[in-house]
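One structure, pasted below without further comment.
Labels A, B, C, D, E and F are assigned to the chains in the order they are written; within every chain, residues are numbered from 1.
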Amino acid sequence: MMKVLTFGEMMLRLKPSESKRILQSDSFEANYGGSEANVAVSLALQGDDASYVSKLPANLLGDAALGTLNRYGVNTGKILRGGPRLGIYFFEKGASIRGTNVVYDRAGSSFAEAKSDEFNWSELLKDVDYFHFSGITAALSKEMQETLLSAVKYCQENNITVVFDTNYRGKMWTPEEAQAFSKKVMPYVNVVLANDEDFEASLNIKAFDGDMKHGIDQVESFKAGMREVTKQYPNCHTVASILRNIQSVEDSQWTALVLRDGIFAQSPVYKMHVYEGVASGDAFGAGLIHGFLHDYDLQTQVNYAMAASVLKLTIAGDLNLVNESEIKSVMQGADAMSR
Amino acid sequence: MMKVLTFGEMMLRLKPSESKRILQSDSFEANYGGSEANVAVSLALQGDDASYVSKLPANLLGDAALGTLNRYGVNTGKILRGGPRLGIYFFEKGASIRGTNVVYDRAGSSFAEAKSDEFNWSELLKDVDYFHFSGITAALSKEMQETLLSAVKYCQENNITVVFDTNYRGKMWTPEEAQAFSKKVMPYVNVVLANDEDFEASLNIKAFDGDMKHGIDQVESFKAGMREVTKQYPNCHTVASILRNIQSVEDSQWTALVLRDGIFAQSPVYKMHVYEGVASGDAFGAGLIHGFLHDYDLQTQVNYAMAASVLKLTIAGDLNLVNESEIKSVMQGADAMSR
Amino acid sequence: MMKVLTFGEMMLRLKPSESKRILQSDSFEANYGGSEANVAVSLALQGDDASYVSKLPANLLGDAALGTLNRYGVNTGKILRGGPRLGIYFFEKGASIRGTNVVYDRAGSSFAEAKSDEFNWSELLKDVDYFHFSGITAALSKEMQETLLSAVKYCQENNITVVFDTNYRGKMWTPEEAQAFSKKVMPYVNVVLANDEDFEASLNIKAFDGDMKHGIDQVESFKAGMREVTKQYPNCHTVASILRNIQSVEDSQWTALVLRDGIFAQSPVYKMHVYEGVASGDAFGAGLIHGFLHDYDLQTQVNYAMAASVLKLTIAGDLNLVNESEIKSVMQGADAMSR
Amino acid sequence: MMKVLTFGEMMLRLKPSESKRILQSDSFEANYGGSEANVAVSLALQGDDASYVSKLPANLLGDAALGTLNRYGVNTGKILRGGPRLGIYFFEKGASIRGTNVVYDRAGSSFAEAKSDEFNWSELLKDVDYFHFSGITAALSKEMQETLLSAVKYCQENNITVVFDTNYRGKMWTPEEAQAFSKKVMPYVNVVLANDEDFEASLNIKAFDGDMKHGIDQVESFKAGMREVTKQYPNCHTVASILRNIQSVEDSQWTALVLRDGIFAQSPVYKMHVYEGVASGDAFGAGLIHGFLHDYDLQTQVNYAMAASVLKLTIAGDLNLVNESEIKSVMQGADAMSR
Amino acid sequence: MMKVLTFGEMMLRLKPSESKRILQSDSFEANYGGSEANVAVSLALQGDDASYVSKLPANLLGDAALGTLNRYGVNTGKILRGGPRLGIYFFEKGASIRGTNVVYDRAGSSFAEAKSDEFNWSELLKDVDYFHFSGITAALSKEMQETLLSAVKYCQENNITVVFDTNYRGKMWTPEEAQAFSKKVMPYVNVVLANDEDFEASLNIKAFDGDMKHGIDQVESFKAGMREVTKQYPNCHTVASILRNIQSVEDSQWTALVLRDGIFAQSPVYKMHVYEGVASGDAFGAGLIHGFLHDYDLQTQVNYAMAASVLKLTIAGDLNLVNESEIKSVMQGADAMSR
Amino acid sequence: MMKVLTFGEMMLRLKPSESKRILQSDSFEANYGGSEANVAVSLALQGDDASYVSKLPANLLGDAALGTLNRYGVNTGKILRGGPRLGIYFFEKGASIRGTNVVYDRAGSSFAEAKSDEFNWSELLKDVDYFHFSGITAALSKEMQETLLSAVKYCQENNITVVFDTNYRGKMWTPEEAQAFSKKVMPYVNVVLANDEDFEASLNIKAFDGDMKHGIDQVESFKAGMREVTKQYPNCHTVASILRNIQSVEDSQWTALVLRDGIFAQSPVYKMHVYEGVASGDAFGAGLIHGFLHDYDLQTQVNYAMAASVLKLTIAGDLNLVNESEIKSVMQGADAMSR
């Protein structure tokens, strides 16, 4: 079986129940997740061999985060323990015209403070076939960018496919910083994911007219941007992107475009009633990688990844708690009403 | 006051909170219900004299199930106690494109294991005017089918109206088995309910083109199927059916057709935002029976039954916790926004 | 900073969790609110100087209500304590075609039983610039109507702007009673709010064709009604109204009309997925007053007030827990999907 | 089977979760109970034929209260519906040295406002063998005292045993008022319950030295008081009393004394860790009546009643949710640790 | 590192919140556990290499049970999937004199129905050093007894230490059946655990006077029984037992005796306030095995095992969620009050 | 009315429900508190004029913390807003022999990072009569120690009584660091609180034999230590201390000693069943200050402060949600069982 390793930060997510605001809430639902951890969990639940590398504090919170990964079948043997704290983010689920709101409390975390030499890539990447990380990891510090560059260089030398989810976060760094990093890392990247504003913010490539609420109406513009990526970075054989039209927190349409080896494929458009609009990009990335691992043809790959992604929109928490057969059932348009 | 008796299995329903998956849930909401029990509760809450016959284990779970029936006014004096266990079903509420999911754990229940001679129909059906059961009861065992046949024969001899909700469950038996039973029981049935795929699976009568997501678009086809039922089974004076167009777990349209004494009536179409898509067929059946008990004209009956049915879609749990005036208020299109 | 004083009753609201019915609920979520208290809290959270006058019982429930006001920054120093009890209302949140349901248990409350001479208006209204109350307060008793008339007379003599939210409640008084009060109080009112059926029920002025589900389709008719108000009551320089088209408990469209100094302005129409349809009128009133306090131009005022109002529809409880910048963000059509 | 009728007020009890204070609580657990309703439920769960008469409002709260009685098997066919409201009480469970706290909100309830002529005793008491009521009912109003006197006179004329639980509540009336009523009613009473301070407050009979925390240490003094009762009221063949030593909310010792036909019996002393210290007197009364219904000898009766009473201290809510075999198991000192 | 394998059934435990009764509960807390699974989880959390073998259904409940084991670090790679269902037990936590109550719903489970030849012991026990099972497993069926006998024979031939927790359950089999099995299996057992009535019920050896509430007062009698075990079964080098004095569900004293290679050691006596009285025997067994794995001297072993066992009494659920350092901290009498 | 100002850090406290461990918890109860904030809230609820100075982040968490203070009547007008984050602590409530466990996540908080010159003491302490802070504040940083020294010097110059709760936290600094700070600050302190090990750790004064579980048994030794404090620091007119005997997390005895102007007084000893063992020292400090504000004689002051302190042990969360009359009721030994 092929092996995937993902690398990034795991955080405690604290969310008021239902759609309450923090101001009125006297309890929080607790989940543990993070972009790359979410990808690893998705893959493990889909039956793949997924490992995760990070650094978690050697305290009860770190234990709980680790327990989450174990629970869903991720290999956690290479995770470092130590450092000051587990990063936290507070998550206020929006409703209708009130957008979902995130308050980061992640500074000074064990992972963000980890030193480059704590990660011995020749050991960590031994026998690995796919290496996945996101722009969030890079946004944490210059040190972490160095760490990532060491990793991707090792990958290139050892024929490990590098998957980079640009995942731009405006609360963490500026477009200029993101683009500077992309410039350095993209020559080593084989598969890149860029959704919505990521193209412009992370890659400095124009893909749409700036109105994120009408992505699906701009498919051709996105295609042009995707082609530009492969032109600038010839090592990058695959560019994938989620496009959305958004009416409200609950109502939106979703489709995906993949450009692989010069050929485009688009998934069906899903009209969604969103239950929790978080981590669908991670679910998409995992679906895409699953497609590579199992040699899906291009159209199947994009359809599968999109079905995985929209399933995530129906599930509470950061993790896409579905297996392969459930994703395929959505791909095949199973009856929404059980008997 | 006329008397109704319903007969079937009652189960413990265990549901993760909100739309959580079982995999992530560390608690379950508990409800007690079952197709025929739901009908009895609906009728009792609407002011009718409703009794329920079943067999419940003589343990705390059986007590709790019994308490539920008592709470809402069902006559429970004829319920048997004993046997191994209360059946259970786990209920994962879906969201958007993720369908609702049911895991049955009902094998070996006190009711399923009950012997035919435990039910003394001449006593149980004394003074009863309407006898209701569903295909779920028949699907439990050959023995239960014998039990039902004894009951309906007694009804025919004693002028008790027999109401049969075909209620096909693919997880319990095959269409062939269901049809074999229908063949035997239908000659004794006076009122039959068949929704969606029930026509074909239970009655082996073609009523639509196989696409359950577009039932309302096929009204004429359904009418033909309903006429065919009355043709094959002349004792059956009423055939009733719910038709739906389904977009997602939350969004669907609902209407009902009733063929009574050769005349069709259709309810208005309701555009629904579904809160919990379960037991609306039972609510419909109860509404229909309530119409018979109170001599509603055909159009009022179908409208009332449909209003009862769609109200159920707004209520948590298996039971349709509404009274007659609330149903009539929906029939009359009351303002959805209170003051 | 200008000062606002609102005057009315505060109640304990008891609501079954999610959309459960009272009949099936073994717990209630507790909130403390009331039309005028809601306005005061909204203003305080938006950074204004807001005081609230009422009478709360000198028991643990009164303490809890007071704590709620303090929590969100309302000046509570003038609130009276004593009397028999805190009013209560039970709130069943509807779903789809099942309307939201309110059971009042407010008779005999400390505020409803308060005597006119307990409120010393020259002290209470000292330094106040805006005085706000609603028709709910007037509906409590003849005595309370006298109390209000004393207050508004004092306001007129002391150049305090009087804001009257007609807020008709059919469960509390008849249109005839409401209209009789309006006749007496309107000559002292400077700003009046009337939504939906309030025009006819409270002011005896025809504003629409009786179908509250299609208010937005009748803008012109509403405008005529609003002009009629200013014609009958020349002291009333501003008339404001929310208009709605309603499809279900969850789905509706919202807009607002304001007639100020003879000029109309209308807000954009918001297509809403309603989370909890309560107290949006209070949020609107607070937004309107905030506009006066900060010299917003007419169009900004109506847009701001409407944005505040629809935000309330996304928030649990009676209180509009948003600040000025969040309201402005909705006014500017911020992205509904956070990053 | 012998029949018992109890008569009194049923209320909604609202309790913060665990041992929270009202001031900090944003939800309440809801239970429906009341002294005489609790007795009826206890008897029904122990297999006896128990009816309850009261007046409940014709609203959703009244429905919910009724549902509770039905759920546990009480005959509710004679309950009146109508009137203004359901009484409420707020219940703060104490801890250690912080005593449990009750806030009444029961004024103006449907039952308290009910008129004497609404209760037709010759119909209500038809075929009844035991009639039970408490001092709480009498404390509601002079009218209710008249109602009770009519009832007990009817009982005496028709050989119905009258059980009176003095149940003094200092928040409802003064000792003088209670004693005046006792004077009138006691000549018709056959069985009287008086615990702790009830002797002095309700019956004006000295039974202990005023220190309720050391009741068990004063058994002889209680016996003297009990004898005095039978001396003053010769119709009263049985006097029963619970005696307690109290260390804290959680820790106390319990015993019971019964004087029946001139003979005393005392139950064992139970050393209790109290889970919820409410309604144990009602549980005791029900146990006592159960003993009469089943011809228990005196020692068995007092032991059974005491076991029922202390079991109530282990159960959440007002209702003693145990059956006869569970009570007998405690009587026999079953192992506290299950296997 | 030495390896431990435990073998048995895992069930879903459903428990009403706090100390509620099933009759009044509308939700259940869900945990997954079972005697041998609990031992495996304990060992894994204490840093040992623990594997678990069982058979879980291939459905969502089986997935959830598996996820629990993974979460806490147990090796689950050898667990079989398939069969009809996951066993369930309902757990009513008692209080004071109301004992904890268990309702089994475990008949027909995937594990109970598993065939002997599904377990290939030479594969399953490869490289294993300690094999642990309990009498509960044997009580499931004759087939399972055969399975166990095959296993222990393999162990004896391959120098794998066999640990047998007699764990008598009167709801599952009779003493006669248990003793018959013990006769067959004990010749292969090296370490036996027997608490309270287990000696007599499972081993037919007299160890105390029948009063389980005063075990600690009968240390000498227990020692005699333990010596008798080693006399009858010379292969059995270690006999371990928990002794308790029990006052109520919450209050009890605990100590442990171990007879190892002919020498006795006793742990300190712990005076406990029990939070949840379940699975402390499994925690004890795991502590004992941990002592063997790490070559603890006898006194340390019994002290460690007892500390682990009483810690379990403070933790919700079936699993002893503590690590080695927390157990040692209790052994050393750490301050109960944190700073 | 005299004015009190307290100064320190406020944190978000996250606690698993009931006595769950973090490892098994998927939600946290949220409270906002901190030693000095707790004192301010206590005083405000007891009717005193209490202000609090701190620095809270300008985000939703800071708003929520502020709302808590407002809710209970603390003056918050002088609180600074800004800086990186709100400190957090995770709180695992222990049970029996499992001690309560705290995980700090407070590094880098807005308050800890605040600079000395952000606090303008001549403004902040204007009109203040009592200034209170704890050793926790000093433990945060050298900078904070400087800030405190500026404050207490200002107090001495302006006749403001300085109350210093030594409150040693071994997870924050060493005894050496604490003692170095005490040396500097004590010459300005008028009232010092030192419990248990604080004497030795913070003040380097021997007060007991090192066994914190038997404080009450060492009253004389504590008295000697207290006298030594006043000898070393003549400005310090009052030394107060809580002494405990501890059996388990739930069971302990509590008393207090105060040495004021050379005279000792001791409160009664309370035998407690502890509900939540946190912040009782803060409640004690507030009670002591309340005694000064209202000129209580020494014995009343120590009795009042101790009653306030043990009441806190019965209340969930960091805040002592009781008023003056409730404290006095406990002082007077009110009946623990309500009627």
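Throughout what follows, a contact is a pair of C-beta atoms (placed from the backbone, for glycine too) under 8 Å apart; a residue touches a chain by one contact, two chains touch by 3 or more.
Remember, predicted model here, so these are calculated numbers, not experimental data.
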| item | value |
| --- | --- |
| B-D or E-F - the one linked by more C-beta pairs in contact | E-F |
| Subunit A on subunit B, rotation in degrees - Cα superposition, rounded to nearest 5 | 120 |
| Furthest chain, CA centroid comparison against subunit E | C |
| Computed distance of Cα centres, subunit E from subunit B, in Å | 45 |
| Separation of mean Cα positions, subunit F and subunit B [Å, integer] | 62 |
| Multi-partner residues of subunit B (at least 2 other chains) | 18, 21, 23, 26, 67, 101 |
| Parts of subunit C lying in touch with subunit D, wherever the complex brings them together | 14, 17, 21-23, 25-31, 59-61, 63-64, 67, 84-86, 88, 90, 92, 101, 103, 105, 107-108 |
| Sites on subunit D touched by subunit E in the complex | 18, 270-275, 310-311, 313-317, 319, 321-322, 326, 329-330, 334-339 |
| Contacting residues of subunit E [partner subunit D, same complex] | 18-21, 23-24, 94-102, 168-171, 197, 212-213, 244, 246-252, 277 |
| Subunit B to subunit D touching residues, read off their complex | 67-68, 70-73 |
